[in-house]
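The block underneath contains the structure these notes are about, expressed in structure tokens.
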Amino acid sequence: MGDRILQVDKVDLGYGALKVVFGASLHVNRGELVGLVGGNGSGKSTILRAISGMIAPWSGHILFDGEAIKGARPHQMARKGLAHVPMGRQLFPNMTVRENLLLGAYLPEAKAARHENMAKVEALFPDLTRYAHAMAGQLSGGQQQMVAIARALMLGPKMLIMDEPSLGLSPLFVKEVMAAIRRVAETGLPILLVEQNVKQVLAVSHRVYVLENGRQVLDGPSEELQGHPMIRKAYLGL
Amino acid sequence: QVEVGVINSLSGNFAAFGERYRTGLQVALDEINANGGIKGQQLTLTIQDDRSEAKSALAAAESFASKGVPLVIGSYASSITGPLAQFLTRQKVPMIVLGSADDSITKPGSPWVFRAKHNSTIVAKAYFDYFDHLKSTKKDAPLATVAMLYGNGAWPTSLAKEGKRLAAERGYKVVGDQAYDQGVTDFRPILNRFRGANPDILYIVSYAEDGVAITRQMREVGLNAKVIAIDTSAALPSFVQQVGKSADYIATAVSWSQDVKYPGAQELYERLKAKAGGEPSFYEAEGYLALMVAADALRRADPKSRDSVREALATTDITTPVTTVNFKSADGFQGQNPIRSLILQIQDGKHVTVFPDDLAAKQPQHPTPEWSTR
Amino acid sequence: MIKHLIGLGVLLAVGIAYPAIFPNNLTIAISVLLFAGWATSWDLLGGWNGQVSLGHASFVGLGAYFVAIGQSQFGLAPWWTMAMAAVFAAILGYFWGWLTFSLRGPYFSLSTIAVAEILRLIAINEEWLTGGATGVFLATLPEPFGIDLFSRTAQFYMALAFAAVVVATVIVISRAQFGYQLRAVREDEDSAMAAGIDPTATKLKAFMLSAALTSIGGGIYGVVLAFIEPHVIFALLLSVQIALTAIIGGRGTIWGPSVGALVLIGAGEMFRTTFAEANMLIYGILILIVVLFLPRGIVGELARRHIRRLYAKRAQS
Amino acid sequence: MPNVLRADGITVKFGGVTAVNNVSLSLGSGEILGLIGPNGAGKTTLFNAVTGFAPMHSGTITLLNKDITALPAFKRTRLGFGRTFQTERPFEELTVLENVLVAAFLTVGRRREAERLAMSVLEQVGLADRAHQPALDLNLARRRRLELAKALAVKPKVIFLDEIMAGLNPPALREMIAFVRSLSAQGLAVLMVEHIMEAIIELSDHVIVLASGEKIAEGTPQQVTSDERVIEAYLGTD
Amino acid sequence: MAGLDILLQNVANGVLMGGVYALIGIGLTLVFGVMRTINFAHGDFVVLGMYSAVLFNALLGWDPYLSLLLAMPIGFFAGVVVERFVLSRVVDAPPESALLATLGISLIIGNAILLTFGGEPRSVQVSYASSTFSIAGVNVSMVLLLAGIATVVMIAALYTLLNRTEIGRAIRGTAENRLGAELVGIDTRRIHSIVFGLGVMLAVMAGVTLIPLLFATPTNTGAVFTLKAFVVTVLGGLGNVGAAIAGGVLLGVVEVLGASYFMSEYREAYGLVAFLLILLFRPEGLFGRTVKRV
């Protein structure tokens, strides 16, 4: 158990009266990059929202770093060391990139390590120093995505979850973002990555879970799944 | 048991006055019942809040009308009393005006509406009689010019209008004429302009609270005048407390005062004071007056018949510690008591009746010294 | 639509019988009907079209003044002056909207307060136009077919007709092209343009219609009060009450504003007669409770829950 | 091929920034024009300028030989433009059917007929079974289709599609590609912005590449994808 | 030359009144900027401040400025409570809900005051209420000047708080993107509570500072203040704290000059016309920034 940073146990999730995720279970080990893929509306984002405390599970439970996260709100999850790069990036558009990063290290523990983390982040994303004083809202989509990941790292997190970081990015940026994710993973940070781009996910991840209509249908090491007929048919279009 | 309906402003903008009127009504009620009620029956009051708005007042009036009360007393603001008077006239319910002073309620008026207290014609006349009086008694301080400042509500506007008419009639030159809207009260621009016109008389009509600000700022900008009259806010006991020494010399018209030379005035004052738990004003007295008039009519009439109550009211002829009352029709008015307004002046922090001469407790202090010398 | 129209018919029938059943509670019923009509008119703009106006008292005042001045100065019968008021209100609404529709959200709302306040000041100060601060008396009225328009019963039927016409208008519009244009503009102006809708023209039409209907109710109100003072009839408070009634009842719903009028005025009257000087405090608490527990308004919240439930059932099966 | 749409010398500026600089394009009926370029290149801005949603600095636009440069957006719609928005913008409080109905009313005034038209469009995009659901509750793929349905219900001659494939999983993507092809087969002129190169290559007759507001390349998909500058600025090397 | 004298005097008065208006407006600006809520109860909180000064004066004989020491923390606390129990529950509802809630609060505050203090206007009489001194022939009212100083101090403090401190950055972050702020670990509910607390604290402070100058009534005064606060904030730029002072001064000068040289009965209208013009031609306010789309 000790090597599991995240464990999601038979959770049911939904909005209002509508249930959209049915008994999903997954886990992420320390140092692991795990992919979560599935069709549109299959509930991937919903699961991420539950993990970071934006919505509460109807049943089942979620353990983060060995601790049940009942009723925790997003900022409390951040405090526990979970960084979420959400869909739409959620930057502070009228603040400079630097201010965005500084706010990333808002929490006391992160503040202590602010310089250290800033150096790390700048090493991972050398471009950022160029835009440091630009307003985040003026950057292009790809650049904003970089800032979003960098801001999450400023937290000095124990784990990173990301929702479709490549959405709407040009092919060049998709490659860059994926490379960046790989670099981050190589530092040993566990990552749960939600992506439509299954090919890319399989290429960078250790393991993958597949969700269909709110139900988990498949999981296993990425190499194995690469050859799985269902994956080839439904997700790689082969 | 005889029930009288009262429509009064207990909440909303006019609640401060509603409280005072209620005190007066209750003092009268106690007195009436202590003296045997109405033909041996207890008199009861049903007071309904009108929230300081006509809509609610009309709903209250309808419930009173259908309940069969012999008469209704109400309310303070003319914007409420006006519609009320219209409605009760249609319903043929006798009505006694509680606090409204707007002329239009009794002019042309209706056979069903009675007002024992004063109106803007009477009040304006009292002021100008007072000015004339000062002019004739103190020749060394001639009064020729007047500047007017008034809120844009119904009462201040009509009092100013009547004032302007009288100024023209009696040969005063109007050198300033300004209405203002009730906002965050900064009167400095107007007062500064008045200072340039150098008026002998300042004729100011304000809602209760604005007079305080005007007085303070008058001193601040150094606007001097020989006579300063502020209606109606200077009549409130709290006025003196809020402007302190600057309140002295200021004159204001009321329908009643503690030291007026009417029999029983002082005693009424004590009773009002005891009931209110604070310093009473003429508002309490007007409340008292309204119910005393009602009781008198009810004693002389058949309380079951509104017609007979109306007739009794029309033939009212009583003397109370507030004023004598008889409703006659004159000068286009109907159902209006020709009450004599009093002029109070604040002397050493106290309201003192100074005019008309025969009712006055003291002589007016005149002229008002300049601010720089006080 | 048919369902709603039938509902309206039934209510109308009940309404017609009302004065016979409760002859002594007409004033309050008139208030409910007028507010139902005003709030429903307001809702055409505020709810269906999403432009929250806090200046509708201007149109109430306009109607009341047209009727009072028309009668007392020119001897014009109220039905003529109400029609004139409606036309004039629509024109005023046009220029008002033209001036302020470039503003969105809270900025629009604030601008309506400003315009309405300026109109109030004009009504108070321009004596030649309005009779000034002391107001106008309505002493006589014509008697069509021998009906005394000053009687509460006649006024009740006028108010009933007014409310019914407004609600019927909204019922018809809600299912027509115009109704969808209104809602499309409310939801997203750009997206509406992409569907070929002219947002400004749509908003202007909504404003004009809303203004015209409101002013007709204002004319009736003038007859009911028979004495109007600019401070009262143009008050920001009245504008706020109209908006409040619609929002509490449920914005953008057919019956919400009427339900809002019934609840607010009914409860208000109950409080007024039972709690004396504390009644407005309790009224404030009532508003807070509705907001906290029914954030979309009474009808709005019920409708939403109903739809959610239906849809959840369908999705699950 | 007869010209349906011509845009000449389009320039759009925001404050001091030139977002689109002197770009021209033309489009015939049944033709599919692809528009690609890095994030922030000005693709959406160009769309907005042509459809009338962003004020132009200079340039002229003609639709079927009629100069429409000065017309507001809704009038262009009435003359034959249909468009989607990059971030989908359904009328959230309306049902799916009502959303489309709003657009259908443009060409048919009678409610019954408008409803029939709306239903048939919904059928076309495969949303008919969701007709009475609130639009708010649709998932991404369905929202995209609703966007499309709204654009189609105005019976356009030219349709502008802004990244309608982004975030779709492979099966949904295949369907969408087929659908766009069917539109052009019906004679519609299609202008589409896309980062999914698969779709661009498969669908476009002609491709324009924007970078920093400038047209840097133009030609068949094969031509542009092998263009050095396009690879450097947009596609990246593997 | 007399004309110039009077003009100078009028401008000076306008500027000083502007300080008063700014003071009334800043709390509203702050709350709108962060929470996007138009607080219809703002003026009532100002009135609450006035009554607290009246109360401290009556019970303890304190000067209003002394009662700030107690009134401000109490105001902050009251704001936090209102936010916690009311506003925080309607954040996800349509924006009109928050507006309605503040209307309800406004009614409750006004009528609660009415029930406790009665309807009579209240004020605190201080020795410096009408005192003036003159600089270069221009008379300056002592209370107005004190209020102006209080305004400048308060706005400077607020500006520093927002732009130079960690919590200030968190407040701005919350204003720009609530979810984003939550995700970096900012407890945005707490931020909202703090901001509303600050807003009410500023309103209370305005009330206390103004009581020597104005008077308080339970229900009418609040609405007047709220309206003024709206005008000030829009003139300066909704949500731009520093600009509130510019908005206030602009309003003060426009009103005073209008009332002095044109018709004084339209005094309130001058500010409103300026307000409309600014809204129409510079909706972001005189000093507001345009919000870039993301």
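A, B, C, D and E are the chain letters, set down in written order, and residue numbers restart from 1 in every chain.
In the analysis below, contacts are C-beta pairs under 8 Å (C-beta built on N, C-alpha and C of every residue); 3 or more make two chains touch, one makes a residue touch a chain.
In UniProt terms the chains read A, D = Branched-chain amino acid transport system ATP-binding protein; C, E = Branched-chain amino acid transport system permease protein.
Computed from a predicted model, the values in this text were never measured in an experiment.
Look at the CA centroids: the one farthest from the centroid of chain C belongs to A.
Distance between chain centres (mean CA atoms), chain A to chain D: 30 Å. The distance from the centre of chain A to the centre of chain C, each centre being the mean of the chain's C-alpha atoms, comes to 50 Å.
For the pair chain A and chain B, the distance between C-alpha centroids works out to 75 Å. Centroids of chain B and chain C (each the mean of its C-alpha atoms) stand 37 Å apart. Along chain A, residues 18 each make contact with two or more other chains.
Looking at chain E, residues 111, 114, 265-266, 268 sit in touch with two or more other chains. Looking at chain B, one finds that residues 11-12, 15, 18, 152, 179, 181 touch two or more other chains. Listed by label, the pairs of touching chains are A-C, A-D, A-E, B-C, B-E, C-D, C-E. In the complex of the two chains, the chain B residues touching chain C come out as 10-12, 15, 18, 47-49, 51, 53-56, 58-63, 65-66, 78-79, 82-83, 85-87, 90, 102, 104, 108, 152-154, 156-158, 161, 179, 181. Only residues 6, 9-10, 13, 17, 20-21, 24, 111, 114, 118-123, 125, 129-132, 139, 141, 213-215, 217-221, 224-225, 228, 255-257, 259-260, 264-268 of chain E touch chain B when the two sit together in their complex. On the chain C side of its complex with chain E, the touching residues are 52, 99-100, 102-103, 105-107, 109-111, 113-115, 117-118, 121, 124-125, 236-237, 240, 244, 247-248, 251, 277-278, 280-281, 283-288, 290-292, 295-296. Residue ranges of chain A in contact with chain C, taken from their complex: 16-19. On chain C, the positions that touch chain B within their shared complex are 23-28, 31, 121, 124-125, 132-135, 137-139, 150-152, 224-227, 229, 231-232, 269, 272-273, 276-280.
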